[in-house]
């Protein structure tokens, strides 16, 4: 018998496959039984109502996409009154992604979403912090530690910290998140990027710049997930460019305990259930009985530690 | 008449197309007349003889590649005695890329390569600085400023500073390089990434991690080139994922005064001469007479300044 | 101008409770005229439970030099559960549609749908006016068929650059529609002429509802006429899409609402919207 | 173990002063047996100025689900300037070669070459021994043809998993080669048997040079025999490549040299190297 379940802190997930924030909503239930997923992660919400960025909010780049959705949000009341009750019908744990412009606002929201029906809180600390010139909390170890401490104090629910690939201090930020009280790390969010329409000379996104996601992001995000798994003791949830079962295995082997699938769902809405089935078939074929047989099984023994923590490529 | 020439500080290039360091050598002369190129940029050299990284040094990822060549180098004497004389046969300016493990070693090398026949020095400050835990000089504004000042003092030749996309402080690093005396910025080097072979569970590169180059890098490098062009007054030379004439135009429109073509030459060794011809045809077709008609013509007026300098994507 | 967020509750009834990701087979894919091509797919009946105005999200094929990544939204031109056929009428606009044009009979095409909210034909509406140009005809064709089935009286104003570019005229005629063609080359497609034409139709037979799509110019005209004569109307709109399912919120547009301007998702609350709520762009 | 850098000067004479990026046309591309396929291209004479042992760098086509990015190096199996043909014998190993296998007659294939240093046949070498297994035969085939043209005496030991997998036997036979086949299924391909065989050949006719490729096992055996009997030899090696032209330095391997271990580029100083300098892996 093959057991696909994985442990993320105190939470047991029936399998390691879940959607990435912002690429999933209850609308996916029109395409598949979302109860088959390891967890259900909401789009990031903010405390108040927000409109999001100007359109166009999305554009295509070679084999991948950019988005500048921003965080349109219906606010915390809507979340508590409508979203949470909606997900009661499912037993896959509900993970709410939240964000705030200031540490205090963030912590307040964290407390406000700590209601029955919510299994974990994913804190999107990759969003701009207006107290630090708009730099995301997760750009620096110090601001990461600071916000995580306040968030930790605000809730008893498991806290997943979502990191950004835009920092040059991945390992230090990961350690700061752990020190600040994170129960898991989600690695990672989109990478800041740009595209210009040569005909009109206008940036292709209404917001000028946006986040790169999809296959192009994978080698970068995988590297970060690997660095984080080496740097901390809490579970790492890999995210970035996953579209096949092989991609999932790459993250698990690199040290991730679970993964999030984002953009791939836009291309193939049923990608996650196909991956879950293929993962099970793979384990049967290779005689693995549990996920920990795969997780962190990377054969990097030959390499020096200094290499593992390098922060640049020559 | 169409004039393709561009000005990079005191240097006038016959056209804005040149190879990226490490993706070009005299061997390309077997395929095309390298004298048609705007400049000739060498692989990075170090002061002493170096062996480079273990193999495999290259692997393929979705639509792009990773490399961990390292900097195998025959040293400065070989450069002065063999390389410089070799390039005397060409009138395209010779740009030598150099790197050092410490500020002093770097500056010494900078002085040592300042010989007749060398038109400019590209300083690869994206390489690890052993005085700062192996963090590349260009990861931080302070180490950038520091090394650029010493390099500036070591030579009278034009200094091009090559930045890394692995930093979270692009605009600040760009400004530091300018303040330190750079005559131009090359934006940018490869992005730290990883790939694992799922069958063997081994990292696909002998060095575990390596640099992402090719089309996947383009939206990231273009964003950096745009940020740098906004941040500094010296010319920006765009680099990253260029394989078509449209890609070149995107960089020029974003504010780059010239571009470097790297990985694309591996796929189509004659890519650069094709691009030069197409660029000329484009200018004729659109009635442009000089490159400054295109450079920095991005229509970003509608967007707020705060957006331009944002360092993260929500 | 204050812009509020989408005021759509998850309680909204989706047009289809179930949406399918299906591999269909190409039956034919050939040019209709210089600009447009008709793609006919063999499709299982389960995905042909469509409403006129809905769309599918197509995974265009990957070819040397043509490597679309995201899906491309395409209105349903025809859906025929009886013979298991799904049709799209499209124009080559860029990478995705150029790749689509390379599909040969027998090749597979992965489609997601049916998606979005289609047109509404209220029982008390009898005289319907369709106003379309170019690819808009693709969107209105199944509406015409449905209207015909329901015994409505149909007038279709078809606009194009030149008479040769007019499409689907026979299709509309076979449905018993009263056809009026206007073209740029004959200088009959201007707003003034259209306004006169439609005012004439309203005066003679009366019109209960307008249906249109795409053009900002036509939207404004019909909004004015609709307001003037208190005639209902619907418009199908386009916007860049990623998911097509309502999840990513990239496809929003602004709409007038009693509480101010709101954002709605073209893929989910649309692509068909109330004519008066729609805003120009 | 100290590893020095490549000690190659730019002064080295490249095998070809001019290398071409050329779009060829596929003449045929069909299976030779279960594992191998033969690709025949129509190629202009200018790129057929080859030496046995050289290779081309192929831009494999892009297909749905098969999207190779880098070029793939492939030994020249045959080059025929008279009839304008270039041939490759290949095995499907992954994405690139799988894509290559989809090429239909008439389709274009972009090739870069000829590249690298080929085999050397010294005038004072008369009795040549070729030892190859699997795709190694592809590399040695043009060498056999050239040796035949130069009137050399050729012995070819062909190794394979089973008799059905043996390839190009007729090709070698037509060149007048003395053929010895060894297979795993007949248990004749083991090192011990090979050593006995080759010692026999040396004892009877004498051998002036060994030529082999690829296998570590065969390399070691021939190095031992070569050292024992003072017989020269050459080996063609493989390594991951990006540029194929000598620019990127990703394809290095370690070699013995009088000054210690040095790195050489398989694409430029190779792919053919001196047998005794080559190091196992």
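Letters A, B, C and D mark the chains in the order given here, with residues in each chain numbered from 1 onward.
Going forward, a contact is a pair of C-beta atoms (placed from the backbone, for glycine too) under 8 Å apart; a residue touches a chain by one contact, two chains touch by 3 or more.
None of these values were measured; they are calculated from a predicted model.
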Where chain A and chain C overlap in contact partners, by chain label: none
Those chains which touch chain D and also touch chain A: B, C
Centroid-based (C-alpha) most distant chain relative to chain D: C
Euclidean distance of C-alpha centroids - chain B vs chain C, Å: 48
Whole-Å gap separating chain C and chain D, where each centre is the average of the chain's CA atoms: 59
Centre-to-centre distance between chain B and chain A (centres being mean Cα positions), rounded to whole Å: 32
Distance between chain centroids, defined by C-alpha means - chain B, chain D (Å): 36
Multi-chain contact sites of chain B, meaning residues that touch two or more partners: 61-64, 67, 69
Contacts with two or more other chains, residues of chain D listed in rising order: 67
Topology of the chain contact graph, where touching chains are joined (line, ring, star, complete, other): ring
Interchain contacts (touch definition) - all pairs: A-B, A-C, B-D, C-D
Chain A residues touching chain B - in the complex, by the definition given at the top: 44, 61-64, 66-71, 99, 124, 126-128, 134-136, 139-140, 164, 166-169, 189-196, 198, 200-203, 207-212, 215-220, 222-223, 226, 241, 246, 249-250, 253-254, 297-300, 303, 306-314
Residue ranges of chain C touching chain A (in the complex, touch as defined): 3-6, 9-11, 14, 16-21, 59, 67-71, 95, 110, 112, 239-253, 263, 268
Interfacial residue positions of chain A with respect to chain C in the complex: 22-28, 30-31, 43, 49-52, 55-65, 67, 69, 72-74, 82-83, 86, 214, 263, 265-270
Complex contacts: residues of chain D adjacent to chain C: 61-65, 67
